[in-house]
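Chain lettering (A, B, C, D and E) follows the sequence in which the chains are written, and residue indices restart at 1 in each chain.
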Amino acid sequence: MKKVFMLMTLLVLSFSLIFAIQLPAGISRSETLICDIDGGRVGNPNLWNPYAPGWRGDAGLHTVVMEYMWEINSQTGKWVPLLAEGFPEALDDTYTKWRIRLKEGIYWSDGVEFTAEDVAFSIMMLATHEEIPIYTFWHGLIKEAKAEDKYTVYIELKRPYAKLITLFASVVWGPQFKVVPKHIWEKVDDYAKFENNPPVFTGPYVLKDYDPSGYWFLYEKRKDWDRSGLGKTVGEPTPKYILYYTYGTEEKRIIAAAQHNLDQLVALTPEGWDALRRRDKYAMAWYKSFPWGWPEDPCAKGITFNCAKPPFDNKLVRWALILAIDAVEVNKRGFGGTVKYSPYHIPPLTAYKEPYFDPLDSWIREFSLPDGYKPFDPEIPVKTAKEYAPKYDIPTDPESAKDMFGYGWWKYDPVEAEKLLKSQGFTKKDGKWYLPNGEPWRITIVGHGAFNDSTRIALIVADQWRRFGIDANAQLVEASAFTAMHQTGDFEVSTGWPGCGAIADFWSSIGNGFHKRWVKPIGEVTTSNVQRWVNDEYSRLADEMEKYQPTDPKVVEIGREMLKILIEEQPFTPIVGTTKIVPVDTYYWEGWPTFDNQYMAPTWWWGNFKLILPHLKPTGRK
Amino acid sequence: MAEKLLEINHAQIYYATLAGYVKAVDNVNFDINEGEIVGLAGESGCGKSTLIKSIYGFIKYPMKAISGEINLLTNGNKLNMLFVEKEELRKVRWKYISYVPQASLHVLNPVTRIKKQFLESVKREHNVKEKEAMDEVKEYLKSLGLPPDVLDSFPHQLSGGMQQRVIIAMATFLKPRIVLADEPTTALDVVVQRGILQMLRDIQKELKNSLIIVSHDMGVHYQITHKIVIMYAGKIAEIGPTDEIFNNPYHPYTRLLINSLPRIGDREQRSGIEGSPPNLLNPPEGCRFNPRCPSKMKICEEKIPEMVEISKGHFVACHLFQKNGKRVKEDAE
Amino acid sequence: MQSSGKLLELKNVSKIFKIGGLILGTELRAVDNVSLSIDSEKPVIVSIVGESGSGKTTLARMILRLIEPSEGQILLNNRDITQLKKADELLEYRKIVQPIFQNPFAAFNNLRRVSSYLYDTAYSICGAKSKEEANKMIAEVLEAVGLSFEKVVGRYPKQFSGGELQRVSVARALMPRPKLLIADEPVSMVDASIRMNIMNLFKTLKDDYNVSCLYITHDLSTAYYVSDFIAIMFRGNIIEYGPSDLVLTQPLHPYTELLMSSIPRVDKKWQEDIKLSGIEVKEYESTGCKFALRCPYTKDICKKSRPKVIKTNDGREVMCFKYEGKKYEEE
Amino acid sequence: MRFTNYLVSRIVTYFVVIFVSMTFVFLIPRFSPIDPVAALIGRLTAQGNYMDATALEAMQKSLKETFGLEGSVLEQYANFWKRILLGGDFGPSYAMFPTSVNKLIRESLPWTIWLLSLTTVISWFLGNIIGAITGFKKDRWYSKVLENIAMIIRPIPYYIVALTLILLLSYIFPIFPMSAGGASIGVKPSFNWTFIKDALKTAFLPALSLVIVGFGWWFLSMDALSRDVAEEEFVSFAEIKGLTENEIMFRYVMKNAMLPQITALALSMGTIFNGALITEIMFSYPGIGMLLYRAITSADFNLMMGIITISVFAVATACLVVDILYPFIDPRVRYR
Amino acid sequence: MKSKSKKKKIVVSIWDNKRFVVGFTLLMVFIVLGFIISNFSPYDPRSWGTVPEELPPSLKHPLGTTSLGRDVFWFLAEGIKNSLMIGLVAAIVGGAVGVTVGITAGFSGGVIDRILMAITDTFIAVPSLPILILLAFLFKGRASIMVLGLIISIFSWAWPARQVRAMALSLRERDYISMAFFSGEKPYKILFFEIFPHVIPWTIANFINAILVAIGQEATLAVLGLSALEEATLGTGIYWAMQYQAIFRGLWWWIASPVVAMIILFVSLFLTSKGLQEHLASRRS
């Protein structure tokens, strides 16, 4: 028995030497960057056509192989021209004629030069081929695109469109427009069925190998990386190989990172990060310590009301429900205190501080409900800071707290909430609320089952409303049901995230998106304004905003007025910003962007990830 | 004088139940000699099956050997089948003593061909190649009038009678000295029954061994046995040569039993024995037949009658008969 | 119109079962073109004797409506029993016909009290109005079978011996004063010492209660003892029918002869050996006489065609070529 | 004659069951609040793909057209059968448009089949052998120990078993380095030793987890079956014949108790085509289970129908095969 | 050695069966815990933040607390109740439908039998998990404990129906059924008093087994995030512990409690069922 035990131990020990991930011969771990795949396993790894509806770009294609005309620096909100030179030039006052200049000396990975012909071809392809999902929009917009010379594209529109750059430039994840090589794509018959395998693009890496089951994708740096957009603009990306690899569940990703077999993780739950941090001294997130995560994700999470369904069509009812939410508890239970509060309907980004948050600060503090009640509580961030200070040693002064936890949120005041509801004819008996018509008030909060943030907020808010006396429960549904229920208005309250934005001009998101023109009766499908909120003044302001280019200061002016309306009306209520805990393991690679080195945001899953690559340095560990 | 093959001395075999022991075989004695066909007769629950199982050493919980001996006498060795090691038992089984179970369609392994089932017990003893053993088996079957192609069949493809004949062939192939047959023809049709009984008898004649047959059917005993052991409620009521038992039964139970048997061509009114056999958990004191006995005396409720030999080889356990075989009193016929 | 006369009449009744193996499986005529009748004038006991697989139990089950005949008709008082559908017709049917099953322990649900069946019968079939009335009926029939009311009421099947339980079974069947008892092997599970008591019961029922009985058995001795007529079944056919005295003492059909010679009688020892064969199964499929393969008198014709039923002068029927064209007339 | 009748009626039932099942499966998702176009749009917006409301609206329309979802449910239903009957084609996947469902299934199915058939057979064998031993020798100490172990293992939620294995054998003792997919990086599926060795290694942990769980199930049922068989007359007769305990166990008890297990094995083989969702999630193993799960969550009707059709066919066929072949396996059984 | 008991013991007591005694005792502990003790919970087990977070087991919190600020013990008590409820609903509905369909099919025969069996086979052929997931969508709104039980029951009746049908087919041939008919018993009475009692032993074993399977299925749905996640069940207990990485973060009491509870609950149900079956088998023979 003893002998057997000894033998077993020996066996275990000898095996445990096999530690590192197995890479194909000739590829050394120290030259390879291993990245997480955002959406997990890719079901159709053969498909490299970015215009196919089922395309998945998150396994490297749009981060290291494809390049966009303008990438965005997600930390500063500024565009970085990658394939383009400068910004689009409007040739007339009505914004129907445009000119775009391209960088010179960029080549496709198969050696053909990248020119204005490619861009013009790509634009016209979108505008003339019905099988491409975004054809309808482009067809309705583009009159003509042509190469004026080798590096200049001329575009003529069918209608004025001031926001043209947002079609070509990455705003959040990636833009609609992806330039494709004319010499390959012009031979294609059906763009919806084209696989584009192997992919030819301008990016610094090329596809070397991939798993037919879609678990991993290996890319190699181009020998002529200097002829890529990135090479021309930023410099040489460091890793020789990039391996996109999905380990699967969070547990496995944590283990993999702890074993230094995963250099970069797309997102962990706060608890997952806690687990990794304790096991891996090389693991690192945006902040060195609490609250760790990168708080600049461009969508604030909160709750959406279906304004077409009574009693949620009454803004005072909505306000009452908001005052029954304890945001501090949401932050604490849902996110371990790591997220920023978001009273505005745009995410609490650094980029919005100057144009919106600071100018509106005094307004929001004084903002009052019709009965004169001032709902805003600017003390919440300090309170939160104080709560976590003993454990994590963070500053508790108002300014630091604001940086860390945002400007504040609405008071948790069930008494006022009760007052509001009673004023609207609601009654409370035995601690339970009844609708004006006497029925018990039951609310189902729909949450997105696959999104942790959405799930947790739904469950916590349901819990809080129950405590308040409403028979609330949370229903978590899968992605498709979540979207479909929103589109048809088949919900009462949900935990969605319609309040997105990354650049000061939020016209394309909440501006146009909340326009009354999208509102359809319940049962009919609408893709925007799913909260079915009709506000004439807001819609008018949105139309006004549309007339200016994104960089126009007028945009911000109008935007502030729009935000005031949203705050007053609350068609949806953001609660917290999204903090992404996107850690890296610095065992093999360092030079990652952090709070102390904010050259970029840690948006590994965006197209702009390539902008980070030249900053990485190998540690030299084997 | 024929050799004694088996002696049963004071065998007590009980069944353990939650309510106590069921005294299925209680203090039974008799011997079996070479060349005899002995019938064990009695009603259901009288202990005849228990006894024959015990003779074979096939004692399984809740059956329990309490005391006594059932000695198998083989080449001068004595083997008490009531208390014997499993290995010892395995050595004598099928070779010195064989057991033919009650005719039933569930005795043979339903998923194995007869051939294999035949050989698996034979090969061990013979230690010969399968082919040779097969030839021998075929020869043997032929000698018994069985078609050798049954060997390639599955049990369910054979009729019940054929299965029983195969089983008998298996049990006698190694020429055992004693063959035990426990209700070998129950549930078989009369024509088949006759054939099987003949077969058992022929084998016995051939091997000159002894055959013990358990049956509740008195006709079976009448037709083929030399000697009958009548059991009642776990005890032996009467032992005697077959013809004598039928012609001149002593024990009231035997007499009533034989009288109750209908005979073709004889329409005379017959009646059964009133009452039913006793519960062996708590059998009646004294003679176990006394509650049903028409000639009951006082002593019958008090004392267990002893076995007395009335004429040569004819024993009876009844207070009506004294040691010398004289009748104590004439009972009303 | 022969409206009177027949209590039970079987007209060319057949039952075809679909059983069989993988490829060779065929239809099995368990009962093949059987005709039989019982007079309603005078109660009789008719025995149906046969080996297992002869179709005797199938026949009984058809008369009890437990299975439907595939061909032919079963008439009870001139009414086709398969046509009885309505509740009152079925009630009437049960007042005329009652069964007695082979194994009394299987016939009584062991989770129920035995007497509950008696009460059910009293209320539902005999139309008892009150508990007293039912008790009276029950006590009466129990007495008839030699049991006491106190001994039976409230007890479970397991608390009886087989003989007692079978007697309860008879008593229950007797309650509606039926005209016909269908007794399927009623004593085969009963010990020899008390078998005769039950057999005598049937005789008593016939004489004292005017109950006819269809006694289904494989035991020739008891059949002889109890019955007025005997039908010998072989592979689905009644091959010989007649008064039991004649059939069993002077058998006509070769099969009956074989059967007779095989009984382990207690008055006559077997003489010469009989031969067993392994061909039993094929007999069902034969187009000729089903016994032809084993019959000592076999002729060519026996294997080719089915013999007809021949009526003899002494009131017997036999199905054998041996008697064709002889002094017996054809039916 | 009789067999033909049986076969015909059995085959008619087979097709009826398949037809009813498919209709049922076709209708259910269409009455659920899920919609493939919404799912795709949802995925794009969740990713933060910046799209103007006007563009989004336009895209929704054109996707509906591309997917052929404009007709009524009845038309779609007719289309579905037409496609299947004319060429066994399930159409394109919606979520992974334009990849065809047939291709997706073709790529996932081999992994599933090889892992699940292997583990099913292994656990079946182990469970049956050990179950026969413990069922026959039920009073031995090891029988009692084994039975208790199986009883305790069986209820452990499968993912806990899987996670424990990963933690134990990939993290604490990293004997089997964590990996994803059916083989290591750079090893391509083909018939050579390198691949087989690699695939075996990769599949070891998921296989182990499935065997552990499957073993408990087969073991417990075999244990119970053997106990029953051990009471049969022919087992007593084997003892009467003087066979040894082991002979009786293998030739009599096991051989007979095995029969229902063979049926059960055939049925489990049919259910293989459902995949093993949790296994695939936990071990990042490519397979049909995950594919199906994704099809459901992304309302990919075609993919869903494709996989479920195969599964229904497999289970129904397994039942059919069992019914038809059982008499060959068990000589006693005849067709009803 | 001789037993001195004079009285005949006709009924063998179920309490003589060791498995049953152990299983039933454990089961009773669970039932008392779930259905009685859970009502005395000082906190709403669904509410978050009722107690300090992440405390290891102590006298005050016998099974510790979670990251969500729930007391594990009280959550578990409620979870046992709800899991048992899911199991009961699924087993009752599935069992009732299965027995009804099986008996109807077995006794009617003919066309009715064929139709019922085709439907039954359909439910056997259709893979359950995907349909359960889809049904979870269909029952939008309140995925309550009841609804969950009902959803699970949709696939829990088909096998029982088949088995009951087989039993009914053999019961149909029994003499005592004919006996009851000839005693003038009404058909419905025959069904309830003659046939049903003989299906009961099997039904009980199947019932317990169905509870077992349903609890396991709920746990599977929970790990996929498809159960009623804000209710306390054994499945959601495990779900939350996994979501908050209880294993990695050393909160063993959080994950171990529902898992161990599940194992003990299963073992108790298993033993009860086995013991019961053994007992009934011994009574029948």
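Heads up, the rule we're going with is that a residue touches a chain if its C-beta (ideal position, glycine included) is under 8 Å from a C-beta of that chain, and two chains touch if they have at least 3 such contacts.
Computed from a predicted model, the values in this text were never measured in an experiment.
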Shortest contact path, chain A to chain E, counted in steps
1
Number of hops, chain D to chain E, where each hop joins two touching chains:
1
The pair out of B-C and B-D sharing more C-beta contacts is B-C
Specify the chain most distant from chain C by Cα centroid.
A
Distance between the CA centroids of chain B and chain E (whole Å) is 51
What is the distance in Å between the mean C-alpha positions of chain C and chain E?
49
What whole-Å value do you get for the distance between chain A and chain B if each is reduced to the mean of its CA atoms?
90
Go ahead and note the Å separation of the Cα centroids belonging to chain C and chain D.
55
For chain E, residues that touch 2 or more chains besides their own
133, 137, 140, 242, 247
Spell out the residues on chain D that touch chain B in their complex, using ranges where they run on.
232-234, 236-244, 247, 251-252, 255-256, 259, 330-332
Chain D partner contacts - residues on chain A that touch it in the complex
12, 15-16, 18-25, 38, 41, 43-44, 46-47, 52-54, 58, 130-137, 140, 163, 166-167, 170-176, 192-193, 209, 211-216, 218, 243, 245-249, 251-252, 255-256, 258-259, 261, 298-299, 448, 450-451, 477-485, 487-488, 490, 500, 502, 508-509, 512-513, 515, 518, 525-529, 606
In the complex, the residues of chain B that touch chain C are 43-44, 145-147, 150, 159, 161-162, 165, 187, 189-198, 216-220, 222-223, 246, 253, 256-258, 260-267, 269-274, 276-277
Within the complex, which stretch of chain E touches chain D?
114, 117-119, 121-122, 124-127, 129-131, 133-135, 137-138, 140, 212, 216, 219-220, 223-224, 235, 238, 242, 247, 259, 262-263, 265-267, 270-271
Would you mind writing out the residues of chain A in touch with chain E in their complex?
250-251, 254, 269, 271-272, 274-276, 278-279, 329, 332-333, 444, 449-450, 452, 455, 459-460, 462-463, 466-467, 473-478, 481, 485, 490
